[in-house]
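In what follows, chain A forms one complex with chain B and a second complex with chain C.
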Partner chain A sequence: MALVDDLRSTLGSDRVHSHPLELLVYDKDAGVTRGEAVAVVLPETTQEVAACVRIAASHGVPVVARGAGTGLAGGSVPAEPALLVVLTRLNEIWEIDEYARTAWVGAGVLNLDLSRATEHLGLHYAPDPSSQAACTVGGNVGTNAGGPHCLAEGTTVAHILGVEFVTSDGDVVMLGSKAPDPPGLDLRGVVVGSEGTLGIVTKVLVKLTENPPAVRTLLLTFDSIQAAAATVSGVIAAGIVPAALEMMDQPMVVAVEGFIGAGLPVEAAAVLLAELVGLEEGVVAEASVVERIANEAGATSVRVAADDAERAVLWKARKNAFGAVAQAAPDYYLHDTVVPRTKLAEVMTEIYEIGRRNNIQMLNVFHAGDGNLHPLVAYDAREPGMSEKVRAAAEEMVRVSVAAGGSLTGEHGVGLEKRELMGLVFEPIDLDAQARLREAFDPHGRMNPGKVLPTGARCFDFDLAGKKEVSP
Partner chain B sequence: MTVLKAELTRLAKGMLADPVPGAPPVDLTVAPSQVEDAAAILRFASTVGLRVLFWGGGTHQGIGNAVAPDVVMTTHGLDRIVDWQAEDLTIVVEAGVTVSALEAQLQQRGQTAVLPETPAGATVGGVAAAGLSGWRRLRYGPTRDRVLEVVLATGDGRAVTGGGRLVKNVTGYDLPRLATGSLGSLGLIARLCLKLWPLAAHQGMVHVSDPEAALRTAYRPLAVIETNEGSIVYLAGTLAELEAQAERLGGRLASGHRWPEPLAGPWEFVLRVPAGATGRFVDEIRRNGWAFQAAHGVGEVRLVVDSGDDERLAGLREEAETLGGTLVVFNSPARGVLDPWGAAPGSADLQRRVKAAFDPVGIANPGILPGGI
Partner chain C sequence: MEPSLGPTQAQLDSCVTCGLCLPHCPTFRLTGDEAASPRGRLMAMGAITQGTIAPDEVYAGMLSFCLQCRACEAACPSFVPFGQMMEGARARLAEVRPTTTGRVRRLLVGKLLNMKWLLALVTSGVGLVQRVGIMRLLPRRMRLARGLRRQRVFPHSAVGVHDLAPAVPAGSVALLAGCVMDQWFPAVHDATRGVLSMGGFKVDSPETQRCCGALAAHEGAERDAARMAERNVAAFQGYDYIVSDAAGCSAHLKDYGHWVEGGESVATRTRDITEFVAELIDSGQLPEVKGNGDEVAIHDPCHLRHAQRIFDAPRKIVRAAGYTPVEIDPDGLCCGAAGLYMVYEPDTAEALGEAKREQVESAGPTTVVSANPGCEIQLRAHLGRGYRVLHPIELYWEALNR
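For the complex of A and B:
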């Protein structure tokens, strides 16, 4: 095949895979959708990535970028047969600037490795998705990934100062800068979260965050989801933005306990994990306010992690929640809707009702503090009709979130999974504007086609081209 | 022009306004009070090729390449607070609301939009369009990170919404971040949803002698500002926190915040450099005897000089650009002595295409961006 020959002559044969068995490994991410790669390449430099993009373009084959494949929305799963550019070998940490609190890293560097590499300087990389031990910084940029600690610090985009970017033509440009507010349009901000549909990010300039001098982690127990949700709304309304504010419902606590054994209260209807960081004096004051609000909402117990070890166990329990689900059923479908924080209790009630009505097994663990819901449906895909039932319930859950003023995704991305639901939150004219923006980056539709925007998004024809040009 | 004027008058539904003081002379000044009206006017302007200059409070019109407009579109008719969800820490406002009016309202419920602290008559839309952040950026990040939703009347006359009224949301392409700092090059920012922060119970300041050391000693201060008069660390939190911070810094805690008065001078510049290099640039600016205000930890230095053709400015710009920074002209009595932006970015082609996606004819603040985009 001419494409594979051209790729091999550039990368050598051991970094170009085209055997069906080799390709099988790459046909899905951590979610439920599958796709087809015509070849898989493992470039090691930006120039090699650019060369792959040019070669694919010359053969009329689309390009899909992929990090560690931990995505959940199908962002790195080809929607049509494509060249899969796997960026895990761009895994060098190029520079750590202690004074500017920045680092230049390859797109393939693992999220957690970056924080480990900066730990001795008292700094860390703030976005911390549950998959942080496996996911790449480049993948995080692709999805604008979140994590528990994005409540106070913002998702990935707030921590990306610049990117080295391979355009759809295979050119390399720098977007953003180490200095604040580079002149011109903020293309960096658009590229972050664009799921590889505008081009490929090969190198990332990240902002590092100072480690807090004091941390308090509280485990709050409730006998109803509504009481836990009321506590979340109460804390935010009281003017406290904790570093993290996570909720788990009883089915999830039971699953996690069986997996980790962190001593979580399995009899509770819901638990909240609240983390406060800062100076000791401030953390103490905020913890007492959180405790008071929880008690007023009817908390049945409040446990403060006594030391770092106990805190680590609580977080291990939280971050292994998805692994724990494997015990409940062979497959799971994880949602990622987001709602205004004042609507948490009412939307959760509706979501449980959807689960009950459809008779599906549902577990919840989510970023309650920023209204980011993650209902997780555990099921067995081999059961006839089950996948369809799960998907139908999923769409219902998305609809109730949107109806409450929410949106489709808080951190996983739109990918393949939710693109046809985009019309729930955007008008045709808004989607058309997004399609035009995408065309400006990728006029030939080469980069990860079939993602993010629904079919027919470019529907308005306000074509003013051909009108009189105005010279500046 | 009379035919066009008649048509525009009809479109503006009687919203023709008096000329705006300070604006370049134009045939028409329009002040739409609805997003759809602004879009209709822009669509007409695109059809007939009229250049439109957007105007908020007029406080930052000195930024960027000069625009030679046929029409000025002001936002003073778009001055409503649309939806304040205090318990969700979000607010939807129209572009023409002034920063001081908004912050005064928010303060009544102990909240802030973290917009510039000494805004004069600046509007929320103007600050967003210019991509300006206040001093508290060190602690809360840039304004751009708090623009959650934007309604844009595009250059070709579409009323487009991007983002959402949610503090966390990755649904669709990030139009709010693109619009922030776009200086009207895509169209008019007509309405925005902003993320708010709770105000801390106490505010305080500590004078320090070494701002760089203070930056590393204090835990996440709001700002560390150095001026010709000295350096101040700005703090917020509980009284106990403030006292602990002051003790660590080895200084006396003064209550409240007094922000530096905006620098006034014939030539105003903003130097933007990697945060770690701020001190080095401040030393050079001091040696030149210029009045300045530096945000340590951010890498931004505001300065005023008496002459725009001072060779030392060109040197400063070159040095900043070597480190990936810039020296931007913020205000000048005359154009053309020093380029408003300096070197054009490497992504100029891409930027031109992105502008064209919103403003294909090129009537929205045409040429204002670097490279004449």
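For the complex of A and C:
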């Protein structure tokens, strides 16, 4: 029987798509790459996911997992024709333990829905990617997602205690537990951020975080990127770790202000959004230090959100930034590099210079506090040669970041986008080790093949084998 | 002028596929399926427009599964005009792939709804059936019938009424009577006229007006919708304001600009009754009534909250009527009525209606206000006895007359 028939006999016909139009709507995520699925399935239980993986294996078809499709690196876009397993229907919150502050949730639960469901207990799920209203917890686990508030709280991996996991053979295993440091190898930590290349996470045991007793949100305005960057370094150097410290440059502020009308300073060269949380007294003291440092660096204005409503509007502005880009151009392409905080001003200057030299339109919005840049190029892909030009310029930006002592990706994952750039930060022997780890989970290369690791990651096979032979 | 709906390439380009609309889409929430999401629908429209894939029954199904609630539009940071594009896509599909079902639907909303004698006949029939008490024998697809108010056997219409002008009128108002609104909700029109007169306005309901054409537009009956818009542009000439007490109609009047020559003039003068009255309360032209502060649940019609971005007004009116507004849904997801959607897609409408019932029940109040007729019918059908569902303007008018 054909793959689709087998899937239909397991899931029924409603939850198996094979019509070209239904496949087409799944051929991309929020990024730019496209890839072809041979069929799309919408399982509702872990057992159904496992069955789909087994059926795909029996037909020799690889499997790609997908959540809400808000990824930016092509992690859920098939690199070769594959069965796309969409996990949005695994959207049940199974258990909330208000005393242990944990929750068992389906991989398809939306990030923000989880925080909403625990709001009445004074708890929330801390990692808050900008797409948190739309993205799934499972997708967050896949990319080890970050977000503005990960500066103080850490990225997704710090908030995942365990996962229910479908292996490449279609078996269901449990990795991790409620214990803070379970015995044995930390396979949970291996799976978080593996972008669906080791297996499929179907249920997640998350850590919940207490809502802070007091919050101050400051909008700081600067007439240069350098002054804003100096403020970021100054704040951290003063021993303050804000809950969030975000930067937007002028073109980005103009785009989001067009959508939100929050009275953002559209004239400013850069704005910083700083959030301080904790006990009231501490928050007040820290806010005054941040304000002083900003003023010393040359801030032109400081606005403190008066209430929850104003704070919500400021965050809504920040979190809708990428989506507002179509006001500038129909396509966007961005990278997700990390640079040392002390090099922020320097790297930003170089990145703008690359933009100027290539005559491309750039908008910047990023997690300044942890040096996680998102240089974003807005362009029209139909202009001949434009896509190539933009990619080349973006790659140059990545190289500049890495050369400054930084990294390829802070939170979006490697996916297809940065796969070929892995060599910039890893030696062949490192890539080989990663490839071997992957093979241990997925010896047949069934799970999201062609992602994360560049082609030829195992090029050291021969040499290593040779070395083994001669060593005593 | 030909209606300029799209989907044009420029409109399609205005989506960067970020996916922020997805959680706001009721059908995506139900199915988790990209094919039932705004982003997926736009991608499909793009493929059809560019000719990559030929329109077939799968495409038709994707379009007709959309509620056209426009919640995605309100959530979109790049201003994709989704509602307009969906109307255009349905009209284009009707041209290239006509089906019998489609023709019947378009005949209903494009022609029959404008036949007042026919509507009156149906209304009388409903009134009789209600009195005989055989409503519950109706098939599930006709569940909406159970949500109807008790109808008159001899219906009357607001079309052609000219209320007495106050000595020094604050302005002139043309009341859009509407199609089913006029026949099935005469009490809402009475309240609207009463409140506006009290606010100092001269209210007419011009004879030559037609149905606003919203349902025709939603169904892809493009020429019929344009014709109705044309008639209304003429009928509403010379009035300071055009007021509708059905959110779906006021939303559509505000879209007239891309439907017909002179439509922009109607659009800029149109006010939903809730925003109009809320402003009059703010400016002191209408009073705030002291009440006992009983709780009233607020249902936000999609075409009020999402299409027109009107949120505070119904709450203000409820407060001015002496009640305490209570929220039922932070996202304002569609109740599943969506015009004739509840007839065409009864399963989805049922699921959304039940979700809305649960929200109302857990909120507490047994009085619910809704500023749109379709929502009211759906709410009443799902909430059943023990609940009072009415337009906020009725609640206010009641309080003014207490």
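What we mean here is this: the second predicted complex is superposed on the first by the 460 of 472 C-alpha atoms of A that agree within 3 Å, B and C clash if a C-alpha of one lies under 4 Å from a C-alpha of the other, contacts with A are read in each partner's own complex, and residues count from 1 in each chain.
In this text, a residue touches a chain if its C-beta (ideal position, glycine included) is under 8 Å from a C-beta of that chain, and two chains touch if they have at least 3 such contacts.
Being a predicted model, the structure only gives us computed values, none of them experimental.
K.L.:
Counting residues of chain A touched by each partner, does chain B or chain C come out ahead?
P.N.:
Comparing touch counts on chain A for chain B and chain C gives B.
K.L.:
After superposition on the shared chain, which partner residues are touched by A:Gly323: those of chain B (first), chain C (second), both, or neither?
P.N.:
Once the two structures are laid over each other on A, A:Gly323 reaches chain C alone.
K.L.:
If we overlay the two complexes on their shared chain A, which of chain B and chain C does A:Thr342 touch? Say first, second, both or neither.
P.N.:
After superposing on A, A:Thr342 lies in contact with chain B but is clear of chain C.
K.L.:
In the superposed arrangement, which partner chain does A:Val215 touch: chain B (first), chain C (second), both, or neither?
P.N.:
neither
K.L.:
Figure out whether A:Val25 sits in contact with chain B (first) or chain C (second), or with both, or with neither.
P.N.:
After superposing on A, A:Val25 lies in contact with chain C but is clear of chain B.
K.L.:
Now for A:Val313: first (chain B), second (chain C), both, or neither, which partner does it touch?
P.N.:
neither
K.L.:
Taking the superposition on A as described, I'd like to know which of chain B and chain C A:Val304 touches: first, second, both or neither.
P.N.:
neither
K.L.:
Starting from the residues of chain A touching chain B, keep only those that also touch chain C in the other complex, and list them.
P.N.:
none
K.L.:
Mind listing the chain A positions that touch chain B in their complex?
P.N.:
97-102, 143-144, 146, 150, 154-155, 157-158, 167, 173-175, 177-187, 189-190, 192-194, 210, 212-213, 233, 236-237, 239-241, 278-282, 285, 338-342, 367, 370-372, 405-414, 418, 422, 425-427, 429-434, 436-441, 443, 452-453, 460, 462-465, 467-470, 472
K.L.:
Touching chain C in the complex: which residues of chain A?
P.N.:
Touching chain C from chain A are residues 17, 19-22, 24-26, 28-30, 42, 68-70, 86, 88-89, 91, 108, 110, 112-113, 116, 131, 133-135, 255-256, 259-260, 320-327, 330-332, 380.
K.L.:
With touch defined as at the start, can you tell me which chain B residues reach chain A in the complex?
P.N.:
Answer in residue numbers: 43, 46-49, 51, 65, 85-90, 110-111, 131, 133, 137, 141-142, 144-145, 152, 154, 156-162, 164-175, 177-178, 180-182, 185-186, 197-199, 219-220, 237-238, 240-241, 243-245, 272-277, 298-300, 320, 323-326, 328, 341-342, 345-348, 350-351, 353-358, 360-363, 366-367, 369-373.
K.L.:
Write out the stretch or stretches of chain C touching chain A in their complex.
P.N.:
It is residues 13-23, 31-35, 37, 39-41, 43-44, 47, 52-53, 56, 58-59, 62, 76-80, 330 of chain C that touch chain A.
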